[in-house]
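Each of the next two complexes has chain A plus one other chain: chain B in the first, chain C in the second.
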Partner chain A sequence: MNVMTVVERDVSETRSKMDARGVQVWYGDKHALKDVDVAILDRTVTAFIGPSGCGKSTFLRCLNRMNDTVASARVMGKMTMDGQDIYDPRVDPVQLRAKVGMVFQKPNPFPKSIYDNVAYGPKIHGLARTKAELDEIVETALKKAALWNEVKDRLAAPGTGLSGGQQQRLCIARAIATSPEVLLMDEPCSALDPIATAQVEELIDELRAHFTVVIVTHSMQQAARVSQRTAFFHLGNLVEYGETGQIFTNPRDPRTEAYITGRIG
Partner chain B sequence: MTQPHIISSFDRDLEAVQALLMRMGGLVESAILDAAEALEMRDEGLALKVRDGDKAIDALEQQIHSECARLLALRAPTASDLRIVLTVMRVAAALERCGDYAKNLAKRSLILAHMSPLGGTTGSVCRMAKTAVLRLKDSLDAFIGRDKVLAADIRDRDRDIDQMYNSLFRELLTHMLEDPRAISPAMHLHFIAKNIERVGDHATSVAEQVIFLVTGEVPEEERPKADATATTSRSTEE
Partner chain C sequence: MTQDTATTPTGPRADQHPLLSGSTSLRRRKAREWRLKVYGVAAIGLSLATLFVMIFTILRDGSQAFYQARLTFPLVVDAAIVDKEGARDPAAMAKVTTVGYQRLLAQAFLAHIETSGVPLGDVTEKEAGEMISRDAAGRLRKQVLSDPAIVGQTITVNAYATGRIDGYLKGRVTRASAERDSLVTPAQLDLADRLLQAGILSLGFNSGFLTDPDASDLRPESAGLGVAIIGSVYMMVLVAIFTVPVGVAASIYLEEFAPKNWLTDLIEVNISNLAAVPSIVFGILGLSIFINFMGLPQSSSLVGALVISLMTLPTIIIATRAAIRAVPPSIRDAALGIGASKMQIVFHHVLPLAMPGIMTGTILGLASALGETAPLLLIGMVAFVTTYPSGPLDGGIMDPATALPVQVYSWASRSDPAFIERSSGAIIVLLAFLLVMNVAAILLRRRFERRW
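For the complex of A and B:
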């Protein structure tokens, strides 16, 4: 009978973009991630929450093989994108990271112009043949990152001269300039004030029209606000994974309930 | 309050629960009017339609309730946003009760359809129903328009329904005193009238919710009351 659903929270997307099966991570003999199974849905914002040190960032870094760069890290299990094994020896991790972009906690623009920050990726990946094409890529990325109107008159100004919130949106523009399919964000708002945070959250909601977004956040309210799916990690285990509304109104696991109601830290 | 949120999906969520509430209000208004018409026209088909239609109203209330729970859990609304969610939940509960009264009216009309009419009493019931629905409609309009002046006006208009109820009550008493066979239909009509009067009370409480929504404060002073039936039996004996 429900003729009208609350559209915003309607999670109609069911196609899996990335799949993890039995993923384990060790740092030396520290078992940081234990047997994680997850299906990250296409064009959906998935939030990872859990107490500090539970393995959220570790798992996020598995998704674009950033752990390859950590000498002590050993990753086991199967990880696929569109059904393709991303740990296959034939996969070039640099190419993979163009498809699975990443945005970090602290905005880290290059000490270059706003334009060059965004143009950098497309240039090294050879995505533009002419200056006009590059201009267009830069403009589109800045528009998608909801920054264009604020910077279009000063593209030659240094990226580091922007406010914190603008810098983070510049980093998002930089990440999407290489036309990724997945965007990973590790606590992208923790260095931002509440207004800049709300602007980035609004941007994340818009980005899911084009990308699969995975966000690690220490703020449960942020996960509740921006995501359609939430995964709760605890002591290296994926305790519960489900539709965000369900996780926050009726979690199935007592550990999830304890965490989201502020009973364990 | 009219300024949009930076996170626009928050606005869309808030609008969606209010749209559901308005939908529910529309269903309840027509249920009451249809039930009253079924009573007056002895239209059993229409009565059955109202009786079965209550399920849809209940389902909407359930949906509003769970959407509001999500909103509270996911958005942590504050200030006027919080009052919107609280008001929507309370108004939905009031509308659900009104839907039940419409269903009850429909069921009683099916029984009354097989009894002889008691003068012009069904006509009076219908007028009462129309007045109650009008107040309900006005209170929902006040909600959507955030109109505290209209809300205060609805609150003060409580008298008319109470007076209609009182005069109907006396009329029914007269029928019962004249002819014991009138007792059964008169009792049914009395319950119907009492329920319509309650719809009026719910409209008043919706109006009070609107005042709370707009001002942040629950109106305090006593409303005028004109239900005198607790003492009417004596006056009819005189």
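For the complex of A and C:
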């Protein structure tokens, strides 16, 4: 049943953007991630797949230190971005999150206007000195998120009034308005219909030109369609990590094979 | 071979019923449903009926407090009585007490009755003069002292009739009750009828009920809510000033910043407990801390506000925390994900979304505080206060005052039935205040409510 339309692979980048070495995560007594080593390549879409509760979202949330807000979470091991330790005590997570943007499972625009949604990040980070600059940032972000043409006439309308797919693209525009270097997406299409999903997937492929994209997905077809590299997580372990084509056509680990053929999960 | 395979092909099974007739168990279920509905309707009907009876009684008794019998007659401000020296010297004029003015009023009233051709009947001249409220002399004296130019001129006096005459016009006093009454005679009531026909006595709207200060048992007709309303307004404003910043700050800290450990759990439990502490306990606390220890003046709006603030604070904290908790976590995540700091998340996103809930909770908390009586009794706000507190900026919050619910209590405990009527009138005013606050809460909620 699984149709794996493996897109043309174009992994020209070999420079690692984010590096994880021996990452362990505990939620209280629960060992959620065990010894994960991943190198996320620059300007590449990396997909994390695996059954529910396998730790892929946990790992994603380590990359921008969202786990800091969970009181019981403990993160160990080394994580770097461009060679700099992101868990260094001198690193302010607020600063990190401006560089590592995040898009969530459910579209969550602020209950403000479309313009204010996108302008919020640049405003709090002081990226625009004048109104004109801010307008330009908003326009660029909305264009990159392929939403500009649909909303340019109603920027003052509330963001919550858009359709689900538009809301998710608005959230992507909001995330890229702060010009991050890495964009984390936690199942960005799980609340969307197939048409909106196709639009967002197309968008992800375009975003690869400017950003390093990490996407968590439950849909293996989606991983195959949008990503260049895929990591398979199972029970908190990183089982296999490699080029998407190789993972889906020629997995090395029997557990990966079992998962992508639908025997576990 | 199971029973199923044996019966299915051949018609309906034994435990199945035809669609049209229904089963006994279904009928029983329906009956149970119907009974539940009847209980619910009965409960709601009972509460509505009680509410209706309560409101009706209060309105019936209390509305009379807004009407007042008045005697209207011309009066020559006789210099021989109010200013014997004739120098118009305020200091010398101030020596004339209300007794002098009382005589002046009685004479003018009798003269007017005579010129109007109304027979006195069995009423003596002294008794006729006593139909004028004692309050009138004080008012006239004040009027003359503040404007000595009217001495020697003729002015129209619009004096209150005594509480008994007032009560007669409202049906509270009858000839039968006047027989046993030392303050009024049936003959006076007959005269009142004649005066009513002559247009000297009339029943009109009584704005003084809302503006006058309290009055003694001797002149219930002039007792008003002025001081109580000022006291209640001062207290509500002060309570809002004290509790809103503290309550909102505490809630934000507990919800957004505080670590979840045994200490915060303890604080949480204690806040809930404080909300359940009987209000009179707060009165004892206020008496011992604010009055005995800190030496703040008794009966002052400030102490009342402090005590009520202590009581209202837990309510406001609980409401505010609930409002903050109702803000969806996805909004916090969104702001966190684009690098907003904790402060920015709270002030840009959480508080604006929680605002309608916070304001509704606060106003409802203040509304329940407005009706609080017990703690105010203990800090002396049940006092008999006849002077208005000064303006809020002139230290008026330190002046003795009463509050609306306390006024209701103190009037209800007086012996003269005229005060019972005023007590109900005060309840109407209190309910009007509550209604205004609740409507404000609803409007604010509508105004600020946003979807997410």
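Going forward, the second predicted complex is superposed on the first by the 257 of 265 C-alpha atoms of A that agree within 3 Å, B and C clash if a C-alpha of one lies under 4 Å from a C-alpha of the other, contacts with A are read in each partner's own complex, and residues count from 1 in each chain.
The rule we apply is simple: contacts are C-beta pairs under 8 Å (C-beta built on N, C-alpha and C of every residue); 3 or more make two chains touch, one makes a residue touch a chain.
The structure displayed is predicted, hence computed values, not measured ones.
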First (chain B), second (chain C), both or neither touched by A:W148: neither
Touching partner for A:R225 - first (chain B), second (chain C), both, neither: first
Contacts of A:I195 with chain B and chain C, given as first, second, both or neither: first
First, second, both or neither for A:N108, with chain B first and chain C second: second
Contacts of A:W26 with chain B and chain C, given as first, second, both or neither: neither
Contacts of A:Y87 with chain B and chain C, given as first, second, both or neither: neither
Between chain B and chain C, more extensive residue contact with chain A: C
Chain B versus chain C as contact partner of A:I124, first or second or both or neither: second
First, second, both or neither for A:M66, with chain B first and chain C second: second
Complex interface listing, chain A residues touching chain B: 1-4, 6-9, 195, 198-199, 201-202, 205, 221, 224-226, 244-245, 248-249
Chain B residues touching chain A - in the complex, by the definition given at the top: 5-10, 12-13, 16-17, 19-20, 23, 55-56, 59-60, 63, 66-67, 69-70, 73-76
Of chain A, residues touching chain C in the complex: 64, 66, 69, 71, 94-98, 101-104, 106, 108-111, 120-121, 124-125, 158, 160, 171, 174-175, 177-178
Touching residues (chain side chain C, partner chain A) in the complex: 259-260, 328, 330-331, 333-341, 344, 348-349, 353, 450-452
